[in-house]
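In the two complexes below, chain A is the common chain; its partner is chain B in one and chain C in the other.
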Partner chain A sequence: MSAADYALARPGPSKAWWGMAMFVASEAALFSMMIGSYFLLRFKNVHWPPHGIPEPKLVVPLVLLGVILTTSAPMQLAVAAGRSGRLGRTRILLVLALVVQAGYFAMQVHEYAGDLSRFQPSQHAYASIYYTLLGADHAHVAVGLLFDLWLLAKLARGFTGYRLRALAAIAFYWHAVNVITLAVTLTILSAKL
Partner chain B sequence: MTLRRLSFLQWFGLVAGAGLWFASFLGGLGTSQAACNPGSGGWGIPYDTVELAIAAFAVCSLLAAELASIAVFRATRGTEEQDPPPHGRLHFFASAALLSNLLFLLIVVLTTIATVVDRTCHQA
Partner chain C sequence: MWAERPGVLGWLTTTDHKRIGLLYFWTTLVFFGAGGVEALLLRAQLAEPNSTVLGPNTYDQLFSMHGLTMIFWFIIPMTTGAFGNYLIPLMIGARDLAFPRLNALSFWLFLGSGLLVYTGLFAGAGPNAGWFDYVPLASRLYDPGRNIEFYALGLLFNGMASTITAANFIVTIFKLRAPGMSFNRIPLFCFAFLAASFGLLFALPSLSVDLIFLFLDRNLGMHFFDPAHGGSTLLWQHLFWFFGHPEVYILIVPAFGIATEIIPAFTQRKMIAFPLVAIAELLVVFIGFGVWAHHMFSDGIPAVTLVFFAGATAMVIIPSTIQVFAWTSTLFTGRPRFSTPLLFIVGFILFFVIGGLTGVMFVAIPFDQQVTDTYFVVAHFHYIIFGAAVFPIFGGMYYWFPKVTGRMYFERPGQISFWIIFLGTNLLFFPMHIVGLLGMPRRVYTYPGAMGWTAYNLAESIGGAITLLGILLLFGNLVVSYRRGPRAPADPWHGPTLEWSIPSPPPEFNFAVTPHVSSAYPNWDDADREADRRRLAEGVGVLDHGHEQVITTLADGEPAEIVRMPHSSPWPILLALAVSGAFAVLVIEKYGVAAVFGVLALLTLVGWHWKEEES
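Entry: the complex of A and B
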């Protein structure tokens, strides 16, 4: 088999999937640096969180984390339904994921606004890294919601190869966002240790 | 051995060395920061034990990566590096991994010896 034949016959994920993998890798590096910064600051401060700033809540973030993690299932099932050509099932699973993700996002924005009323990002290094980590994570969820809406609009006119590849890439994005959310939530909750 | 398994072993052999070295470096750096700073210094982190555990994991995994590279190199020994993929690619990357894994192994072992022998939490 020549190099050209191999390139044409090469099995495996699409270029869209690889593009998303590269994007996710860069986002993973960004969050790794922010989480590293969080712990570096935490190691240098005897009082964490400092006096005057409330400790993070435990129950609500863990419940919300559980909710967002479950959305990986409908996203992956939507990919499977798309591959088997079941358009209706794909749309339903995407709408189901979108509803849960939107609910999660609304709750998180509400919590974020509540925190802002209690302490400001400029108050302490803890507050700065707290809002930066959570804000960056919520921004990624917001981008994922836009991806879902765009995909649903595209799927209203049926399947194409392009849309199926987009579905796989967006599902991959959501899996990555869920893993990032897991890491960010556990990092923030580590202040209660 | 199937082509799929050879490909897996080739990529594992190629990227595991660099990944393990970087992970062990970050782990060691994080442990030293946790052990030597005022906010976490009181946690009683056993610095040398953690360093040795990280190094043991990295060395075992690096040896596995080296064995994977040897297996791919032997399975494709009738192939030239310039041959078309997948066999040319397998042989080329297996050759590169054979050398790079040894270098990463040396880096991990020497770094661990230095950090364990040296006193912890003092200005270099």
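Entry: the complex of A and C
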């Protein structure tokens, strides 16, 4: 190995982090287009939501939004704990985040099902974009939960460089999902204005 | 250091960028052939009035598939998948792309998507509402078959492959450059592919959203595009063209990149205005995101909006002109040797200027409204897409042929093939301007004899046949050269970039010793290359412990760490199979089966990440 022949600068973010950054960039574009579509449809319609479809709830979505946003903290703390090699602390923080995120997801699925019992996506363009936008957001949370579970399974057998890079990338993913959720929730709530 | 696994299994599990580039190359050539046959059938039908070679239903599917194939299954995968894959790592002194397995995944997804839409065509249910597939024509009410499902799912699927490649290229160009290759020393070819990759990354999501809405409208009874229930038909067009116009530049920018390699090699002169050209390549794509509504000038959008988009469109002239002047002034001030690759680039410049000038005409809103949906538009974009995007691909095939195969092509038949294709293309597309101005609408399957269009259409069809002859000669030349051509040296052209510093064809590991770079034309820096050879002889800086790769810093290209890259892997093709299965059953609305395939895809992902890559 002649790696020693290279005068190495301090390594920046890993390849995995850059890969996640690209993924997040395209996801951000995806949600931007959906939110743009929401407002295009909104300004085509005089009544938004149309007659016969209830306005979106205000309190529950805002509380849930607050809950999911707080999970960025344990995720980032887990990254820091991982960097300093504290395995137990990393795992506890990850489990903490996972529990809150899973609870959030369960509540959102419950709300979604409740909405579906009151109005259908085939009723009006408002309902179509409402369910599609929220559904896309929830799907991203579900993917994040799978990431968490996979990472915890990996961390059951200790740290490796690979797992630490995965941890940083997954934390980054969650921050992005949280920002997306913020944008989506505010978009949906704008129907009350 | 390492060898690729031989045999079919080796190719199925390969993660080597050169092998994947070749897989892309051969596959896109097959699709090019299919798209070409479709075009010839269309021209056969249109050669004379009231013709009955094709019926209207078949014609609709063929012209839709011709457009889709040439854009999504030929030009994009040929430029990014084949040229970019093979050449970017070689030019920046890397041993592979940043994510080799994702690269393999991208190819297999691409292949699956192509097979899916062609299954539709052969089943008599090919996409039939044109490549931009406007609603309400494409809605379930007016297009009740499965045709549009093949369109929507095929393109969604194809977009995944392109997104993966784009992300891979960006990270590769950002992080895997040879030590010393700071941002201002990236070859212009790679700047062009960087621009195209950013374009794909940010434009494709718009198409994806559009296709998902379309699928939901058609299959779950939603109303995104249904004005009777609060939807908007213009929503389809906005989302489509927000993707569609950047897409046009994504097609053309790699051609700019190829031109900026071939021109310096055959004039033995560095590109004039290097930084301006690099910025112009990026700027074309950037401005391309702000011009989409110029495709919608006849939609009845408010005039203020139209004027804004006309103005934004006019801005594209600036970076385009910068490049035209940079190419031509490099040619004029150097000592050009008009070999086949350079001839194709000269043809490209001519086509780009002509097609660009008709493009400028569309900025005039009343003119655009007059010629919308006529053959004038068809003439314009074929000058750009065939003349300006495909000619450099042909030139690039000749230029890098010795590098990829280790053989020289035959020069005289090469030059003859250029002249035949050049003349054929002009005869094929120039009369379209005239019939367009005479009022011939595009996308009609036949026309009456009394319109005065007959002679022009016959000329176009003859031009199509001549173009076919030239292309056959081109590929015939390459096939014969591959078998009987003289052996090629490492650097037959005295080329400017790093791919010419290694043997032809390149070894599996590309570079035995990681090159150190001090300019954007590193193969012309003899002292640097001499230093590389000395380090190799002394064994300094040789990464000989398997698939090792230097990661460098983003701006300055200083070595930051050394990572080990994955070798061959069965997981990409398995994952692509699962995803292909999911898309195939979605066409026939089997959501449960699609979910099963989704779970299979998740399982392959677990397998993919089972063995950890070391660092």
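In this text, the second predicted complex is superposed on the first by the 183 of 193 C-alpha atoms of A that agree within 3 Å, B and C clash if a C-alpha of one lies under 4 Å from a C-alpha of the other, contacts with A are read in each partner's own complex, and residues count from 1 in each chain.
Just so we're on the same page, a contact is a pair of C-beta atoms (placed from the backbone, for glycine too) under 8 Å apart; a residue touches a chain by one contact, two chains touch by 3 or more.
On a predicted model such as this, the values are computed, not experimentally measured, just so you know.
Student: When the two structures are overlaid on chain A, which partner does A:Phe39 contact: first (chain B), second (chain C), both, or neither?
Tutor: First partner only, chain B.
Student: What is the contact status of A:Gly19 with respect to chain B (first) and chain C (second): first, second, both, or neither?
Tutor: So A:Gly19 only meets chain C here.
Student: Would you check which partner chain A:Gly161 touches, where first means chain B only, second means chain C only, and both and neither mean what they say?
Tutor: A:Gly161: touches chain C, not chain B.
Student: I'd like to know which partner A:Ser122 touches here: chain B for first, chain C for second, both or neither.
Tutor: second
Student: Report the partner of chain A that touches more of its residues: chain B or chain C.
Tutor: C
Student: For A:Leu146 in the superposed arrangement: first (chain B), second (chain C), both or neither?
Tutor: The answer is second: A:Leu146 touches chain C but not chain B.
Student: For chain A, which residues belong to both interfaces, chain B and chain C?
Tutor: Dual-contact residues (chain A): 1-3, 6, 40, 44-45.
Student: Under the stated contact criterion, what part of chain B meets chain A in this complex?
Tutor: Where chain B meets chain A, its residues are 30, 33-34, 37-40, 84-86.
Student: Contact residues on chain A for chain C in the complex?
Tutor: Per the touch definition, chain A meets chain C at residues 1-3, 5-12, 15, 18-19, 22-23, 25-27, 29-30, 32-34, 37, 40-41, 44-45, 50, 121-129, 132, 146, 150, 160-163, 165.
Student: Within the complex, which stretch of chain C touches chain A?
Tutor: Per the stated touch rule, the residues are 98-99, 102, 163, 166-167, 170-171, 174-175, 179, 201-206, 208-210, 212-213, 216-217, 220-224, 226, 229-232, 234-235, 238-239, 242, 539-545, 548, 550-551, 553-554, 558-563, 602, 606, 609, 612-615.
Student: Which residues of chain A touch chain B once you look at their complex with the stated criterion?
Tutor: 1-3, 6, 36, 39-40, 42-46, 48
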